[in-house]
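First chain A sits with chain B, and in the next complex the same chain sits with chain C.
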Partner chain A sequence: MNATGEPRPVLKSPGHSGRRRDAFVSLCSGLPGGPTAVVAALLVLMPVVLPSRTMATEILIFAMATLACNLLLGYGGLLSFGQAIFFGSGAYLSSLVMMHGGFGLLPALLTAAVAGAILAALVGALAIRRTGIYFVMMTLAFNQTAYFIAYTLSDWTGGDNGLLDVPRPPLTLFGVTLADLSDATAYYVFTAVLFFLIFIAVRKVIASPFGSTLIAVRENEARAGALGYDTRNFKITAFALSGAVTAPAGALYAMLLNFAPLENIQLSMSENIVIMTVIGGTGSLLGSLLGAGSWVIISDILAEIWPRWLILTGGALILIVLYLPGGLWGGVESLMRRFRGGGTPHAPDGIPNNDGSTAQPME
Partner chain B sequence: MNDRHILTTENLSLSYGGFRAVDKVNLRVKRRTVHSVIGPNGAGKTSLFHCLTGGRRPTGGRILFKGEEITDRPAHARAASGMARSFQITSLFQNLTVRENLRLASQGRDGNGALVFWRSVNARKEHVEFADSIMERLGMVRKAAVAAGDLSHGHQRLLEVGMALCGKPELLLLDEPTAGMGVNDIPMMTDLIADLGKEYSVMLIEHNMGIVMAVSDTITVMSRGGVLVEGKPEEVRADPRVREAYLGEVA
Partner chain C sequence: MLYLFQVLNGLGLGMIYFLISAGLTIIFGLLNFVNFAHGAFFMLGGYLCWSLTELTGSFWISLLAGPPVVALLAWAAEVTLIRRIYRLPHTFHILVTVGIALILQETTIMIWGPIGKSIPVPDGLQGIVTLWNFAYPTYRLFLIAFTALIGFALWYLLERTRFGGLVRAGSESTEMVALLGTNIHRLFARTFALGVGLAGLAGILSAPIRGIHPFMGPEVLGVAFVVVVIGGMGSFTGALLGGLLVGLVQSLMSTIWPEGASLMIYGTMAAVILLRPYGLFGRA
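Then we have the complex of A and B:
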């Protein structure tokens, strides 16, 4: 029980069973204001520290996609190589309704979210009919299908050339123009506010009955079923929520670039999203921001040094997976733990801390 | 349908290829009793159990629960209708705390109602309270914040039964609840099961004859997929066929 007498679910710390993918312990809950305050601070700092506003915006867009992937992978244990389906569709669809349907900014984003949710629910419903490696292969196959559909429908998507001249309309609400977003700083602020709202929302989702059950399904699906949960519905809902966040991220990306390239829906985009999730740390929402941030920054730096920079990012990925099994966030955590001398009780990111009277760190 | 019986099977059969693991079994489990199924290894107890919990689809016969046919219902639907099970091989949420394990078990009664993602878990306080009451009953209040995987084996077995109780079931299916338990821990499980028989209908699959004889109202002895003998503990104990099946183990 915590101070208010409200019991919270507490997850045990990692390391004990060697299953470091459960490194979702967050010492941030102990920081003033918790993870939400940390994110708010980062959102203010990023445009100041980073070389360009555009890069800061790009990081946040990929961090949204990473959060959504993390919901599936870190909390649901579902490794989806189909995230680009939702990212790419969101980009195309929002662009098309803006260009041909006269949609404003918010309606276009909303369209992407709804379409992303429906699409992801469909993909999820079919893919979860298999488990393990076959499930992963299904998501991969769906991604390839989506790619070829986008490639074929070149009248709509621009095919190989991408969809050109995507507008970035001003922010309007009920016909009143609130802000012109053509300036890079204004667009960053808009994206940052959206990211912040999504971050809070995903945290709430994880601390909900749905979120706690999703973790249970990941931990032990047979038991979850025996307890009365139709585990399929939980997985499909996780997909739908994931799609509802990933597709608007794709839409924001198209507006950032004024262009929706075919790469958005390519398998390599799915890979990138999964990589960002893994290097950030699965099961930690702050890790998602960290993962997306470091991936975008590292890629940017390396691309300037050497045209074959992808080889180096590959090397960086291997190092992280080998030496930081909890991802970058796991590394930050163990540093903080060392800093504090360990022994701090902790709750998972996204769930308020418990007083942890008997929650024992297992190091 | 006789209302005294909560669970009935009619000619229930399960074959793997040509092998009849369960062969035309007729069971009738009375309400508020402990009904045990025993038998030597390979007698078909676990296969029978899988059919009852929905883990396997029977190849013949019917299963009636509270008078309703549930033969083809999936596991989660059986749980929703008031049937809860424990697992022979401990099957807990290892990385979650004891309280969270039990809360999730209690929340399982909501079924798809637990899909709400816009509310906090604290909005459904009754599940936490029920989890706490079960924890008290198991004598595990002090372990509330310990991860299930860090409990002693005996406590894991208790939690296993506690998880089943959280579903507020009418019928409790226990699959070898003492499997792998130390001699010292067995009495606490025996007491718990005997106690549960007063409130719930319990169907027990068990290897440990001491427990079965102590807690059961009715015992069904299985052998080679079929029912060999059924009766009260003393009748079963005295039956020469049972002695033969067990090669003198009972005596």
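Then we have the complex of A and C:
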């Protein structure tokens, strides 16, 4: 009986990761300076083009969370509906240490990162005891657990009302005040620098032997295990990294709003992060920025005209999964390729499956 | 006496969890399909109950007509959309059904508004039953009896009828059942409708006790996942015992530690995962 949720033979595409890397390299070579330069240019352009600095900051914060989700889903093949655990705890923890512990900006962010990594390693270690759909269901159940914990500890988290009066301390290093961040532009610049550093770091991680092994584990866990890799450790490490990026994003969000709402740790936040990741495109880091950006911009425009805009998101998610598995970024890639007329035609990368294979888009 | 009260409450709640999880499990068993919209259909059942009760003035009509309406919607979703993605990996199932759940939730808010509603306990089941010095709400007793009946009917359907035989055979080998001349598309659509209809029925039954609100889908989905992680996906017995265990834990904890009652459900799951990673009835 095929009812255990364990791997069943799926549409298999051997050697996919190699092609993914090739496609990525060939695309980057077409852009002056590669993705890093593209991101740097976008970071400079965003506050100029977008209606507000706050919106630009929000995009970067969600792009961080999306990057971290992408690291798990796009590279590790791990679909986690528990990202809000780290996002929400990061927001709460950093706010609490600033409000009650007298922590400065950087120590508070560091606290969030460390706590996020530990929490994510714990959640990951428990959830990967099962594979396939059980894994996904457990991440979702753990998110509910975290939500109820936050709800129960209302003395600390403010429960339904959220944590109010979260400060946004100035940027200090070794007691020297470097910048006052109360201004929206200053806070944007700070977030942008942080985002840029994280983007480079995640790229380095993916290009490292660790990243390649993670992709190998995604593609065929049994084979990677047979080669002597401790696949459990790789998955837990991926989780820890993901938590270490997501939690500071939550912290930055709390400082942006001066408020840490209960929604930060709700399942719907996890869903939103996953949706941004998938819509932007899994397996490409620029896709994460694109996914978060389009989400924040569209929600901002539509929320005023039509509060039920999430219907469109649901529809878009279904359409993208069915017809554009490479996400928006995959679409951009194939458009650019067609526009340039060169290069071999290349199917967009599929959304990786938990079984460790990559599905092809539907014909 | 307080504990007896809570045990009965837990049985009722557990049977509702059982109905939801049984639907999830039956669909997964035959179709190898993960339905993340299951909670949304549960919510829809609750809202249909409210509307039909308002419209006809009778809870009983909504109990009779509601589940078929939910099942019909599920059938339509299967035929138009879900049928196309069976052959894709689970990740695709999850993302598509998350999309469906979002659409259902937002549509519900558009039709019925964002604020929750309460549904009166149906005529004839209001009040309490007194046995010696023990009093218990009539509706909750009815709930236990009725869900037990449904559970038995479901068991009969799956174990003693031709349809159930096909569902079980299909769970073992879909190809073989198709080769033996069964219209597998029709069987899949019916099974999906049946499973989702059970979620709708559970939504209707729990509405007079817990009320309804548009965001109850994810909450219920989380509990259903706990039940199948504990009981083992694809196992009917697992869904029953898992559902009852979760219901009892939640109900008993609500007297000991009211704020942490929901939390304890997930604690139970974590404990089961640590002790028996494949659930109580799951196979490796």
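We adopt the following convention: the second predicted complex is superposed on the first by the 314 of 363 C-alpha atoms of A that agree within 3 Å, B and C clash if a C-alpha of one lies under 4 Å from a C-alpha of the other, contacts with A are read in each partner's own complex, and residues count from 1 in each chain.
The definition used in the following text is that a residue touches a chain if its C-beta (ideal position, glycine included) is under 8 Å from a C-beta of that chain, and two chains touch if they have at least 3 such contacts.
No experiment lies behind these values; they were computed from the predicted model shown.
By the touch criterion defined above, A:Leu164 lies against neither chain B nor chain C after alignment on the C-alpha atoms of chain A. In the superposition on chain A, no contact is made by A:Leu45 with either chain B or chain C. Contact with neither chain B nor chain C is seen for A:Val193 once the two complexes are overlaid on the shared chain. Of the two partner chains placed by superposition, only chain B is touched by A:Glu219; chain C is not.
By the touch criterion defined above, A:Ala37 lies against neither chain B nor chain C after alignment on the C-alpha atoms of chain A. Chain A uses residues 6, 8, 10-11, 354, 357, 359, 362 to touch chain B in one structure and chain C in the other. Chain B contributes residues 53, 74-76, 79-80, 84-85, 87, 91-97, 99-100, 103-105, 107-124, 128, 132, 142-147, 149-150, 163, 166-167 to its touches with chain A in the complex.
The residues of chain A lying in touch with chain B in their complex are 6-12, 16-17, 19, 22, 204-205, 207-213, 215-216, 219-220, 222-231, 233-234, 237, 241, 354, 356-360, 362.
Contact residues of chain A toward chain C in the complex are 1-6, 8, 10-11, 79, 126, 129-130, 132-134, 136-138, 140-145, 148-149, 151-152, 267-268, 271, 274-275, 278, 308, 310-311, 313-318, 321-322, 351-355, 357, 359, 362. Against chain A, in their complex, chain C makes its touches with residues 28-29, 32, 34, 81, 84-85, 87-92, 94-96, 98-103, 105-107, 109-110, 171-172, 215, 218-219, 221-222, 225-226, 228-229, 232-235, 259-260, 262-263, 266-267, 269-270, 273-274, 277-278, 282-284.
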